[in-house]
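The structure follows.
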Amino acid sequence: MLYAFRRILMAIPTLLVVAVIVFTLMRLIPGDPAQLLVGDMDDLETIARVRKELGLDQPLLVQFGIWILNLLQGDFGNSMRNGEPILPTILYRFSVTAAFAGTALLLAALIAVPMGVVAAWRARTSLDYALRLTAMLLVSMPTFWVGLILILIFGISLRWLPVVGYVSLGDDFVRGVLYMLMPVAALVVGELASIMRMARSSALEVLQLDYIAHARAKGLSERRVLLRHVLPNSLAPTLTLIGITLGNSLGGAAVTETVFSIPGLGRYLVDAIYARDYLVVQGCLMFVSFIFIVVNLLVDLCYPLLDPRVKL
Amino acid sequence: EDAMPVAGGSLAIALTTDIQGINPGVTRDGNTDAVINHVAEGLVAYKEDGSVGLLGAKSLSVSEDGLSYTFTLRDGMTFHNGAPVTSAEVKWSWDRLLNEQTGWRCRSWFVPGGDVVIQSIDTPDAQTIVFNLVEPTAIFLPKMANHQCIGPILHPDSIGADGKFLTPIATGPYKLAEWKQGEYVILERFEGYVANTDPKSGFAGDRTPYIDSLKFMVVPDAAVAKAALLAGDVQLSREFTPNDLTELETKDGLKVYSSDSFNWKLLLFNRKDGLFTDVNLRQAITEAIDIDEVAQIMSNGLAKGNPSAVPLLSNFHTSVQDQRPAFDPANAKAHAEDADYTGETLKIMTNRRFQDDYDTSLIVQEQLKRAGFNVELEVVEWATQDDAYYAGGYQMMVYSYSPRTEPYLSFELVSDTKPDTAKAHEIVSDEFTALLRQAATTLDTAGRQAAFDAMHRVLIEDLPGASLYNPAVVSASTDRLMGYSEFGVGHPRLWGIWLAE
Amino acid sequence: MDRSNQDLLPLFSVNNLTIAFPGIGEVVRDISFAIGRGETVGVVGESGSGKSMLARAAMRLLPSQATVVRGRIMFEGQSLFDLGARQMRSVRGAGIGMVFQEPMTSLNPALTIGAQIEEGLRAHGRMDDQAGGQRILDMLERVRIADPRRCLRQYPHEFSGGMRQRIMLASVLLMEPKLLIADEPTTALDAVIQREVLEIMGEITRDLGVAVMLISHDLGVVGAYTERLVVMQKGELVEKGNTRDILLRPRHPYTQTLIGSLPSRQKSSSGAQAGAFAPGAPLLEVENLRVVFTRKGSLPFTPATTTDALKGVSLTIRAGETVAVVGESGSGKTTLGRSILRLVDRSGGVIRIAGQDIQSLSENALRHLRRETQIVFQDPYSSLDPRRRIHEIVAEGLRGDPEVHRRDYRSRAAAVLEEVDLPASFLDRFPHQLSGGQRQRVCIARALIMRPTLVIADEPVSALDITVQAKILELMKRLQRQHGFAYLFISHDLGVVEQVADRVLVMQAGRVVEEGVRDAIFDHPHHPYTRLLLQAVPDLHEVEPGAYEIRRRHYNDEPAAPPGMRFDWQNAAGPATLIDVGDQHRVSCVPLMSVVSG
Amino acid sequence: MIRLFRSLGWIGFGPSLLVSVVILAIVGLVWTPFDPNALDFAHRYLPPALPYVTGTDHLGRDLFSRLLLGASTSAAVSGSAVIGALLIGSLLGAISGYFMGWPDRIAMLVMDAILAMPGILLALAIMTVTGPSVAGLIGAMAVTFTPVVFRVVRSTVLSLREKEFIEASRALGNRDFFTIAYHILPNCVAPLTVVGTSLFGSAVLTESALSFLGLGVPPHVPTWGAMLSDGRNIFSQAPWAVIYPGLAISYLLLGVNLTGDRLRDLLDPRVKGHI
């Protein structure tokens, strides 16, 4: 517990650096949110007024200071486009993304880890090559392309699955699942291969250790050797990878969200970047970084379960 | 098609981006306007040909001196909460709009410093409302009817006690039922809607709703929007280019709509940038562009080029407006030489947000190359281009103006009265300013036409940009949808339509 | 097959076994030998001679690429290669048990000891009865695990290497195999612990009547603990027979070299046996050296952990002298060597080389000094940059010398290689193309090219085969004779030390506990730790030229501590007080009083 | 099928795919059947048939010529991004890991911060600053990849530091920077090659995803990723406009991934012993 607390404390400087990077980046971007809001209505006075309203007329350092101070109090500010408070939106959007990105990753891990272990177990046999080739073919396809193909097949040709829209699982489980199938599948395809590779290579390493030979020498069955000795000991690096992938896919699902019209965090952020909605972009990136750090912290906290040598 | 309308059913419509908000005329952009237009109404609105028609008002009279406009409210007009609409609410609405705190996007048009200054708003009786202006102008009604500003009539309960906007309690054929941010907006039919007796035209006239509920779904990607229509997830999708027409027409179960529009696409020149200060170069480039070919390709043969600020759809578009420096690559070369152009790389700024801007610039680039210019595209992100539009920092850019039905508003876009606030492409000339004023203050049509013609002549000589064409609006729906059509302002009109069976 | 018949057959026999790897060829060739019930058989041979392959073949746990070309292995009258997977599993563990070389990796770190022991028993259906649990506890007690109950709940990493190996032993023997195969079970352990494990193993297997196949490259170990011996070389069996007989009358030349390579005490080479008294300025003086390692907490705010690696060590080396440092693993030997070159920062004390305090030196002067003093590291595999060619490695030190021209590097390197008996053709090779012994020579050459006055040799032969080891030691001596440099020779191998050292320092837990000339230490060790250490190694005695016998060192006399003192046998924080017991032989002692008062 | 790969030498299969892309890229630079950027309004939406091997797009550009040119631009864009990340990341990583202390802490902080932000979105944000230019794209991807390289190199250096040959180098009196350049960096080459290939794969995908999100390369630099994302708008009229770029990307990535796996097997000493 103390460890977790310390790790969170350590995340503070990292988040501060994120804040500086994000803030600087946003102010370097050409384009003016006020102009975009006013559009081609061509009214310099209105633009000036909007700038003032948004606080963009303040010196940058002051803007940064205000933002950070508010952030520390949990106030992410309001959207520059519509004045909505940002944090609730982020939380809602995040829950959407987390639902399908998390499911996808879980599924990918459930498929990929056994695949990897089996491939390592039968290393350099036809089975191994077949599994690896499958994984590689899958990872060689860009996510949005997979998404469009899925839409073409299951949405338009077969009409089995809805193409656009989103129903949250909490509202209507069955329909929610239907809506999730394609985006989840598209993400799984992208994540499967790297997890499988990692699982394979770490299982390969474990398989060469003496205690595996010892387990076999004790007369254990192969199944037991794999499940009880190889799997737990090869899981740690895979888990790390999963942590990084999850952290990333929570923010990076923008592509999938665009293809499947899912109102997730990634899409929210991309829209905000295009609209120069500074506070939203800054808030989202801070939030995603925070989640990334927390997820990886959770992963670290899992290590002692896998390896009693690790003391936190 | 001639069948009698039937009420009921629901319709899903694809929307590229989420709406910005629900405060009519305040939180807005194109998509927001398209949705909110069904919820909130003003006194007047644009008709099919771009002229101003009646909506909230059943009649309108203008005083001899052109200073006071008297509107009589439509019979049986009620708010979504059931309260009848009286002139008091209209005045309240306008007072609110003109208050700086409200943040109405069009406020500056109507207050001192703007083109039209409202002096006072009177309410002689419950059904009558009078707008008194400071000086006579031809553009009061066009500005009042503007679809971006809406000039919404709202019930005071729309605003909370703390002055915060709550929800639009308005007078439109549809009520806001649910807005799930980032996902969809659902509008429900307003049962108590009593329509204007004028026939449906543009946004004006009869707006009787039939379909029970409208669901605007956010579908960010155009390719997916098309897929969603084909898959039946949405029944109306409007994110098409004319190039999609031929394909969509062959699909079973679909209907395809297209219309010319009041949108205006042009190649702007930065007259403050080096070579482009020389009008000869601007002219050379204009002569090197075959706007008809551009329009042909971009509209798949539907449209022709428009060299003028006055849209082809507009009644003010006469043969004078068709004049331009003729397409003549040979001449272009000569003019380029006059401008001391010696093969420097010229840049066209464009963006990828709007696929037709991008494609148009590719075509223009190709044409200019053929005429011997060395042209590169500078593809930037939309917001960056928009910034450059205001701040300069480009040579040429393909730019689209949203629909302007009133030519005065279009000409305004390429000129400025003050040199210090002028944008890089704008004409700053007293002559032009005078003509603009003439177009605004002259009330009779012939006089205005003369002003527009004169301005066009300046435009094709001074060349703030090369006007290209008015992009077409293309959409498609399920063939069960009846009574739907597109019109030049480009927003969907989902009243007066119904679902067969 | 009736029982009497079975008794006649050997328990385990290998017949004409040949194992090959694709692309490499046969690594075990036509090997035949047998092990009877309850018999202990040793398998010796240089590294890579196929010993492990043999063991793995017996368990049918060969790497997947390996193929058994011909031959068979019989166990209790069955041919192991003909068994089905299920039958084979019942042989593994219950019929043949196996203990692996590396105690650190042969237990699954993620499972408790209890789970790992039970799992084997359960696989053979021996965990069902109530008695099962008790049997486990009894066995753990027999391998001298202090608290067996607690041990079952603990994880492998909570035990030291020796304990782990004993736990392994217990877990294997619990399944009551008929044959125990132990593949280098103690190679990774230090002498004292090695002895403990082997003793326990011998004791229990004798009691249970389990046959043992003990694999090792250490002739001393195998000789001391087995009845019969199989000697392998390059995949072939070159000699087999009674252990004593082979040691006394080795027939095959390879066996003869093997035995001949065993280190033994020789007449002091440099004559520096007396050098300790020789006058002349000391080359290296270390006074009261202290080194504390601070490992920062893995996170901010966590307390730093400190290790007192050296708690006040003093020593002196004169030119041409060989001073050996021996001691248990972790006693600070390596740290001592490194801090002399300032590769490790000292926390206290003084180090003077040729009279100069190295701490006060500037960066530049230090670089010069380092060139005078060279170090040969323990591990020939990790001390050569795998991406550099041999000539680059050897000549690297010349770069700092402005007097040597670049184009001379190669010829200088070639010359030095010749000194260490490597042909010039090695110049363009990469380290991985060299054997361990050749690499170690390169390391020496790299040190030698600098013409140092002092060479710190940190376990320079511990990773090498005994035959190669002998050659390297010979080489080092020869070079010392030629160039006259002094050695600080760090090793835990007492045999080697006995062979090369003039003087010996015995270290324990960061302190010197005994110091003296070689013969004094080996013949009259005073300190109990030194005695324990010396008695742990089986010693090969030359009975007559070419004939050997394994003997345990044994010291009858029990030297008494000086009056009013007792030997310092506790891991105190401070430096040890060394008391002279004559002839520069000094032992760490504490006054008896201090125990009373403390 | 698997027999085929075996007999081809599975080992050589991936690299041979890569080599064929390189050959295509070279051909594309020297010769294409049509001008890849020329619009031909008379020949729009042509399905694959001679002379347009893979058809034309909505502006009549020859897709095959664009694919040929795209081979080199794709490789160059992704390659430069990866090389940039490798250079910066390994230099920072080596210095950081070798000296530890405060430079290490600062570098770790910044790298962690970059790593904490989702790659594609960070790249997107950077590209909005730089504008959708080739240099901007390369820079944005390089920045997002740098922490990956940094971490690999740093941990390699940390483990190298324990190796005795590094101590030996110090014992010989070498300067620190010499030790880094002469011993440390060359020994990072193996892990870097593996990381490099896998990053190259990500770069191709990232580049395509950025195009999809609206910020990619300019049109006269037709990378396969950009072609794929452009083609989706005319997907139903001209499916070939997405199929061929998609296939090209899959082909390239298959080559890259296979090569990466092979390199890892070759370079990883632990696996090496067991080939």
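For clarity, chains are labelled A, B, C and D in written order, and residue numbers in each chain start from 1.
Assume a residue touches a chain if its C-beta (ideal position, glycine included) is under 8 Å from a C-beta of that chain, and two chains touch if they have at least 3 such contacts.
By chain, with names taken from UniProt: A = Dipeptide transport system permease protein DppB; C = Glutathione import ATP-binding protein GsiA; D = Glutathione transport system permease protein GsiD.
All of these numbers come straight from a predicted model, not from anything done at the bench.
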By C-beta contact count, B-D versus A-C, the higher one is A-C
Once you find the CA centre of chain A and the CA centre of chain C, what distance in Å lies between them? 50
Return the distance between the CA-based centres of chain B and chain D, expressed in whole Å. 44
For chain A and chain D, what's the span in angstrom between their mean Cα positions? 21
Rounded Å distance, chain A centre to chain B centre (Cα mean): 39
Two or more other chains in contact with one residue: find those residues in chain A. 29-31, 148, 258, 274
Touching at least 2 other chains, the residues of chain D are 128, 131, 214, 232, 235, 274
Where chain B touches two or more other chains at once, the residues are 221, 223, 230, 353, 380-381, 383-384
What chain-chain pairs meet the touch criterion? A-B, A-C, A-D, B-D, C-D
Where on chain C is chain A touching in the complex? 56, 59, 61, 64, 89-94, 96-98, 100-102, 105-111, 119-120, 123-124, 155, 157, 168, 171-172, 175, 299-302
Please give the residue numbers of chain A that touch chain D in the complex, ascending. 13-15, 17-18, 21-22, 25-26, 28-31, 126, 129-130, 132-133, 136-137, 139-145, 148, 193, 197, 201, 204-205, 208, 244, 247-252, 254-255, 258, 266, 269-270, 273-274, 281, 285, 288-289, 292-293
For the chain D and chain C complex, residues of the former touching the latter: 163-165, 167-175, 178, 182-183, 186-187, 189, 274
Going by the contact rule set out above, which residues of chain A touch chain B in the complex? 29-32, 35-36, 38-47, 49, 53, 81-84, 89, 92-93, 148, 151-152, 155-156, 159, 162-166, 258-261, 263, 267-268, 271, 274-276
Sort out for me which residues of chain C touch chain D in the complex. 63, 65, 338, 341, 343, 366-368, 370-371, 374-375, 377-379, 382-388, 396-397, 399-400, 443, 446, 450
